[in-house]
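Going by the order they are written in, the chains are A, B, C, D, E and F; count residues from 1 in each one.
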Amino acid sequence: MSRRLLVVGAHSADFVWRAGGAIAAATRAGGVAQVVALSYGERGESGELWKVEGQTVDNVKQSRHAEAEKAASALGAEFVALDFGDYPLEIGEERLGRVVDTVRAFAPDVIVTHTDTDPFNPDHPVAHHAVVRARTLAAGAGVQSGFPTIAPPALFLFEPHQPELCNFTPTTFVDITEVILAKREAMAAMASQVYLQTYYDERAGHRANHARRASGRSEIRYAEAFQRVLPQVVAEL
Amino acid sequence: MSRRLLVVGAHSADFVWRAGGAIAAATRAGGVAQVVALSYGERGESGELWKVEGQTVDNVKQSRHAEAEKAASALGAEFVALDFGDYPLEIGEERLGRVVDTVRAFAPDVIVTHTDTDPFNPDHPVAHHAVVRARTLAAGAGVQSGFPTIAPPALFLFEPHQPELCNFTPTTFVDITEVILAKREAMAAMASQVYLQTYYDERAGHRANHARRASGRSEIRYAEAFQRVLPQVVAEL
Amino acid sequence: MSRRLLVVGAHSADFVWRAGGAIAAATRAGGVAQVVALSYGERGESGELWKVEGQTVDNVKQSRHAEAEKAASALGAEFVALDFGDYPLEIGEERLGRVVDTVRAFAPDVIVTHTDTDPFNPDHPVAHHAVVRARTLAAGAGVQSGFPTIAPPALFLFEPHQPELCNFTPTTFVDITEVILAKREAMAAMASQVYLQTYYDERAGHRANHARRASGRSEIRYAEAFQRVLPQVVAEL
Amino acid sequence: MSRRLLVVGAHSADFVWRAGGAIAAATRAGGVAQVVALSYGERGESGELWKVEGQTVDNVKQSRHAEAEKAASALGAEFVALDFGDYPLEIGEERLGRVVDTVRAFAPDVIVTHTDTDPFNPDHPVAHHAVVRARTLAAGAGVQSGFPTIAPPALFLFEPHQPELCNFTPTTFVDITEVILAKREAMAAMASQVYLQTYYDERAGHRANHARRASGRSEIRYAEAFQRVLPQVVAEL
Amino acid sequence: MSRRLLVVGAHSADFVWRAGGAIAAATRAGGVAQVVALSYGERGESGELWKVEGQTVDNVKQSRHAEAEKAASALGAEFVALDFGDYPLEIGEERLGRVVDTVRAFAPDVIVTHTDTDPFNPDHPVAHHAVVRARTLAAGAGVQSGFPTIAPPALFLFEPHQPELCNFTPTTFVDITEVILAKREAMAAMASQVYLQTYYDERAGHRANHARRASGRSEIRYAEAFQRVLPQVVAEL
Amino acid sequence: MSRRLLVVGAHSADFVWRAGGAIAAATRAGGVAQVVALSYGERGESGELWKVEGQTVDNVKQSRHAEAEKAASALGAEFVALDFGDYPLEIGEERLGRVVDTVRAFAPDVIVTHTDTDPFNPDHPVAHHAVVRARTLAAGAGVQSGFPTIAPPALFLFEPHQPELCNFTPTTFVDITEVILAKREAMAAMASQVYLQTYYDERAGHRANHARRASGRSEIRYAEAFQRVLPQVVAEL
């Protein structure tokens, strides 16, 4: 039963820090993963690149595209860029339609995106609302309709940088112990945000500590945290 | 991998309406289920029995014990009564110790109990707090300790009678289509609360409708709703 | 004291399932009710009609208009369609102005609409925000202003399909025992969503059970649940 | 239809500031009101009296009893003191039974008490939880039971001193314009907390302003705010 | 260490009632304050002016501009009007850019604006979201970027008219005892909303009472309440 | 202006991980700090010690006392043990009185304790409620009373192990860069919970990252997070 995992970020590097392990776990288990970047984070989140004298937006976008492709590749995922622009990211009716088309075309079992709140970021909540709305538009109301629909994907939010201030409560820890090297390789590809690599490596250790406490499974060394938004349907508790 | 399921109710019939299907699903899948009743609900929740002229508390407790055993048996579960009294249910230090012992002795994979709020019931929140505390006392802090511990069980809340007023948000629907006959048989054993049988039968149909919408799985005809309290640890999303 | 009740739905059938009884109760008591549909739900919520070979959007809209008019008529209400389109429903500045005009023209005592959240529907939250904003624009700030105003209507939210996931907490049960036949007749008119009739009929029974528990009034057999948004002003508790 | 109103406060003066107007409105409309004080607030809330040299607890309690009786009388209500002690107020099993008996004996249509949170007061939350539990114990589960029951009273919370910090959201404004003189007379009887008279008089003016904005009824000059806890059952919206 | 304080209101008088004291306190302490009005509140919040026969929007805007300048001057602040129009206030991409430019140009240490919710006002939440987003766009992500950035300002919300209904919880009381005369002078300048002067004068007294209870500092006679949105960084608790 | 800081933990090591830096910052600035342990955490939180063959509760308590004294000393604080027992910690009326006496005797400017929720710990919420109640009992109602009172201390909660699951939202970051060595020395004294040293050292680095983003102050390398419970009273924003 091969799973299809779709990760949508406001900027082209978001997927690496927040869901890189879960992507690698999915592809290693035989699943198919696609990463969609609504923008390159070219203006607001490309710190190292803007230290270069005479830098241009186009050049930053090219570098960020290459980095993201390399990182996605390390995780076994395909990278798709919608290039809507950042700081601010704006998603009107036409762009929403493109997000819906992307979701419908990939027909994921699982969608992962940002939380609805982020007082430190102007684009993350915009991405959240677009993805959540695109998901219901692609899945429809569960009845015959005037447009093609897909089965309703599960919906998860990945961990924001300051969880308690972003309305994030973890419901699900993914054990990424087996794929931590792949995540580190992907993080290493992100040359323009190099300062985050140590941070998220240590964070994976802390989330593993939380996961051990929640489960009693002492073999977990690295984990990522997610918040499931919609109820899960199971055969037993 | 046989699961051990522990369902703790304030009164001896609570488990039937709220978790009867999940119990039957667990035992049918080869699991072991125990039902613990903190009281018989003898004073407050035995409507039909108190219509009998000259009724006594002792007699009601006997009838309720027989009913609960029959219902548990229909679901494949063992029934244990702690007989703490109801309306009000009071759980002091000594009784809390008995709940801890019960949890430790059974060593469940999953514990299910009431929500923390119920403006229509004086005993349900008392049961919630005792069970939640007993669970952490039995599991300890995940380190060596001065008392025997068990692996930390998953914790779920079952559906209260007025969900939105009881701080209940479903995170998990259990498909009980295959075991609905067992649940109906268990409900039929509860002669003292006969008016609830139609209600919870229809409710299982409605929750199935919700589960179909959440999952796209059209074969679900009956479901029960639960709220998972602690994070789940998984291998992939 | 004849009451004026305005019910605004994202799609043309929403009012029937969620507020049909309250509408019938209002008109039977001598009140005047208007139903406003922001769209026909023609693309996303017309399941049965799209099973017809060669179906078109225009044809679906005509069928839906006829159904809604028939249902409104069974409840004693007038039906008004704004035809903004569905899946997605978009309400920009000009369309908001039309909603404001509609509210101002009818000058209701009570407005009823969707909740602010619905993870299963892309249009319901859009409708909520437009109606709430239109209400304050029509009523103004309670002072003289540069445009005509109406007295501030009470604001209620009707019950969504999955209440706990839609930020819905009932504050008000309307006893619809006396008008259940009118509601059933209205539901029967909704041929394109026939599968919801049994569901909402049973739901009315469950809400009556909740209302009996809250009030002690055993004669209530059918009820609908609503959430009052703004404080009520009363002469005594 | 004469209403029976029961107001329960942690200390003997609470009812005056927070619900004096609603009590007067109820009795003026032909209703019957009882005020229950769980303690006299003798140690913690009798500021002026403790300025007297050589003051004793017994003397304070006598003064507070006289004040509360005078105030209750001005509002047309009966005053009952349970004298459980304050700072801290403790309510164990036996005392809870006495609160239940008090509720059952009066058989109110409406109970009013404190909010569940008050970071400025050690006794108010204790009173809240005792009253809420006593209410459900007195009303039972809506079925025949092993003890006498009363019809379930409506439940309101009165306004705390710092509303936003006490988990208080007003759902109901009572127009007390007609009875403001009675409330002022009752407040004037509270010699030991004289500094609160101006505060709550102005507050009644502010709540009237809020009530005017919510209702459009410009004749309201004084109001009190309450939070309804359980759903209301009505014939129409 | 001179502080720079920026107060942004939806309408030109909002700053006076809700933050007039805090502005005066800042400027008296040697700080610099700027008030930005997104609109004049010309259509919806200029009650007295619209009682004048033959009144026009342009004339109202002129009067409001003069009033706001006079009030700002009394508080020692500069007044800037963006004139986006009110009832409804709409802020699209271009206008958002102007708000960002305004924030960046002033480079405040502290920004103060509306709460995110106001069921009595159509424009306040619009202002909130624009200001919060403009703040993050002006400050950037704390790294080098493709546009000029400022240090991240602290963010506060001022007190709305009906706090509990507007999602407002005070975290900070500003002692305005020393500057109450300046605030009164500023309020007196607002001829078009004269009825609010007594209200907010009394409110300052009540908030002082709350501040005394929170701090034990009995010398506070007037205060204003604010909600801090982002964590504070301090040298000690 | 020397500050008095009181930190109350359920177990004798809690203060080190969660508030060690804030304590050292306070004492380095000339303040006085006292640490109160309600229990030694002897049964539930002394992992390493219980690995010793033939270990006894008394012996564990002695070791824990010595460790805590050493750690407190490294931070410049006094250590006080109330020895109420752990797993479970129970605080009845008499013990609450002892906590009140402790608070009153020290007369702190600031109290720091646990959050109100912790699904992984049976004792932390018990400690929270006792400390919050003791604080209001020691401070009284701000008026003359029948017992001695102190000025109301500020109230903070320290960071729990799984913040998002413990109802913790940081409002305040304390910069502990200057005192990190003292905190490390204190942590090193806690031989029975050695596995937490790396965890909380890395955590201090992460909270510094958050503090830098919130304030723009790039010199912060280590920080601790706290949640302020009651409003702050300030001279300007």
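Worth a mention:
By definition in this document, contacts are C-beta pairs under 8 Å (C-beta built on N, C-alpha and C of every residue); 3 or more make two chains touch, one makes a residue touch a chain.
From a predicted model like this one, the values you see are computed outputs, not experimental measurements.
With steps allowed only between chains in touch, the distance from subunit B over to subunit F comes to 1. Steps from subunit D to subunit F, minimised over paths through touching chains, total 1.
Two copies of one sequence, subunit E and subunit F, touch each other mainly through matching residues, since over half of the numbers at the interface are common to both. With centres set at the average Cα position, the gap from subunit B to subunit D is 37 Å. Remark: subunit B and subunit E have CA centroids separated by 52 Å (rounded to whole angstrom).
Contacts with at least two other chains are made by residues 120, 165, 170, 210, 213-214, 230-231 of subunit A. All chain pairs that count as touching, in label order, are A-B, A-C, A-E, A-F, B-C, B-D, B-F, C-D, C-E, D-E, D-F, E-F. Touching subunit C in their complex are the following residues of subunit A: 93, 96, 132-133, 136-137, 140-141, 143-147, 155, 229-231. Interface of subunit B with subunit A (complex): residues 3, 5, 22, 25-26, 29, 31, 110, 112, 139, 142, 151-152, 154, 156, 170-175, 210-217, 220, 223, 225-226, 228, 230-237.
Interface residues of subunit F facing subunit A in the complex, by the touch rule stated above, are 120, 161-165, 168-170, 199, 202-203, 205-206, 209-210, 213-214. Contact residues on subunit D toward subunit F in their complex (touch as defined above): 42-51, 55, 57, 60, 87-88, 90, 119-122, 165, 193.
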